[in-house]
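Okay, so chain A shows up in both of these, paired with chain B first and chain C after.
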Partner chain A sequence: MSPRAAWRLESLGFQEVYDYEAGKSDWLAAGLPSEGAMARLPRAGDVARKDVPTCSLEDRLGDVREHAKKDGWEVCVVVNEERIVLGLMRAKELASDPNQTAEQAMRPGPSTFRPHVPIEEMAAFMVEHDLPSSPVTTSEGRLVGVLLREDAEREAHRLHEAMHAHHAEDERGG
Partner chain B sequence: MPKGIGRDEVQRLLSEGAQLVEVLPREEFDEEHLPGAINLPLRRLGKEARDRLDPNRPVIVYCWDSA
Partner chain C sequence: MADQLVLVCTHCGRQIEFCSFCDSTECPVACCYGCLVIALGEAKLPIHAHGG
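Let's turn to the complex of A and B:
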């Protein structure tokens, strides 16, 4: 649709017209800000914890585990120098042979989610698939943070309660 | 000829004063749009573009994706 709009604007005399081809889906998937009714609802990227520990492929597992546990984490994301997600280590992987490298221990190519997914959708998915945590990345695969199921469920519940209260208030007012 | 651009270029042009136009229907625009965008659905472009856009500044159009 946007290419036709760009051509139409040129035909109307606009001299400098650009087409953002990847569009709104690309913008939102990058976790960039937006406006509108939906923009106020919490998303995966808002709730994801940005302070999740990360490590590189060659890091020794024993060191990674020690670092993660010190801050109370049972998950570590394996990234490259561009923060592109290469693997994930949850409690089970972190508990394996400490002399392994992260590359040997990690789950390669984990499922990731985009920052604009509504938190209610994320909570339902994580419960259904029994996921304790999920990496949230941009469409290029760059780490935004890790969403913990407890956080997703709590936020979804809070949102549900707020909407219920708002609805009840509308009914009283109406 | 309109030029296809990516996200980084969009941000750069916006910082330099470009105008941003979402061409999706009003309902989709109201739900969510890029900061500062105005809504000019494709069918209204011919009637409203000259009234609502500055012809002396760059214009960036977008919809949902490239499909």
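Let's turn to the complex of A and C:
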């Protein structure tokens, strides 16, 4: 919050008040909780699958592929020991030479998206770009999960239907 | 010599090397990083005049 708001809260008697210097955008980008009307809308971080398979740079591609396929995944995120995203392997990369390392096969430095991006916007972009999956990370690059296009589309559709029903109810009531 | 394929951001017209959304160098709906950040609401909001 702003320094002024922090001082105001202290004047109201709150004991533990902190000035979050990185700002509201950084707070939201970390997937931390928020309040207000917009907070109820589903976002990329809510819908992203947290159980996506991960591997390290040194892992053998054949082993990574076997592990991913076993659980029905066609994507694997290459991370370091801090779960920072270093690369991404989708179906094409996973299907390459099994004797390579993940580092040799991966797409380095993939585009990543913050958890607070509205699901409708992510779904629209993923459809437009024909992208099956997108990694979601914090501002520091730490993996939150992978957003699958079908999940994003389904959630965006559900949201659209809910809003439509809400408007129809308003019109009947008003 | 064959013409080199030029990728252009479909939002602002800037010439780019790859699409910032899908990383493709042949994306038909390519988007530059600046336009993508704005489109997905990731841009930091301007600081209010009162500094809050």
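Simple rule for what comes next: the second predicted complex is superposed on the first by the 155 of 174 C-alpha atoms of A that agree within 3 Å, B and C clash if a C-alpha of one lies under 4 Å from a C-alpha of the other, contacts with A are read in each partner's own complex, and residues count from 1 in each chain.
By our rule, contacts are C-beta pairs under 8 Å (C-beta built on N, C-alpha and C of every residue); 3 or more make two chains touch, one makes a residue touch a chain.
This one's a predicted model, so the numbers in the text were calculated from it and none came from an experiment.
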item: First (chain B), second (chain C), both or neither touched by A:Glu16; value: first
item: Partner chain in contact with A:Ser2 - chain B first, chain C second, else both or neither; value: both
item: Which superposed partner A:Arg114 touches (first chain B, second chain C, both, neither); value: second
item: Partner with the higher number of touched chain A residues, chain C or chain B; value: B
item: Partner chain in contact with A:Asp51 - chain B first, chain C second, else both or neither; value: neither
item: Partner chain(s) touched by A:Asp71 [first = chain B, second = chain C, both, neither]; value: neither
item: Which superposed partner A:Pro33 touches (first chain B, second chain C, both, neither); value: first
item: Which of chain B and chain C A:Asp170 touches, first, second, both or neither; value: neither
item: Which superposed partner A:Asp97 touches (first chain B, second chain C, both, neither); value: neither
item: Contacts of A:Glu82 with chain B and chain C, given as first, second, both or neither; value: neither
item: Chain A positions touched by chain B in one structure and by chain C in the second; value: 1-5, 23-25
item: Chain C contact footprint on chain A (complex, rising order); value: 1-5, 23-25, 29, 107, 110-111, 113-114, 116-118, 121-122, 125, 128-131
item: List of chain C residues in touch with chain A within their complex; value: 19-24, 27, 29, 31, 39-42, 44-45, 48, 50-52
item: Chain A to chain B touching residues, read off their complex; value: 1-10, 12-28, 30, 32-39
item: Sites on chain B touched by chain A in the complex; value: 1-7, 9-10, 13, 18, 21-24, 29-37, 40, 42, 45-46, 49-50, 53, 55, 57-66
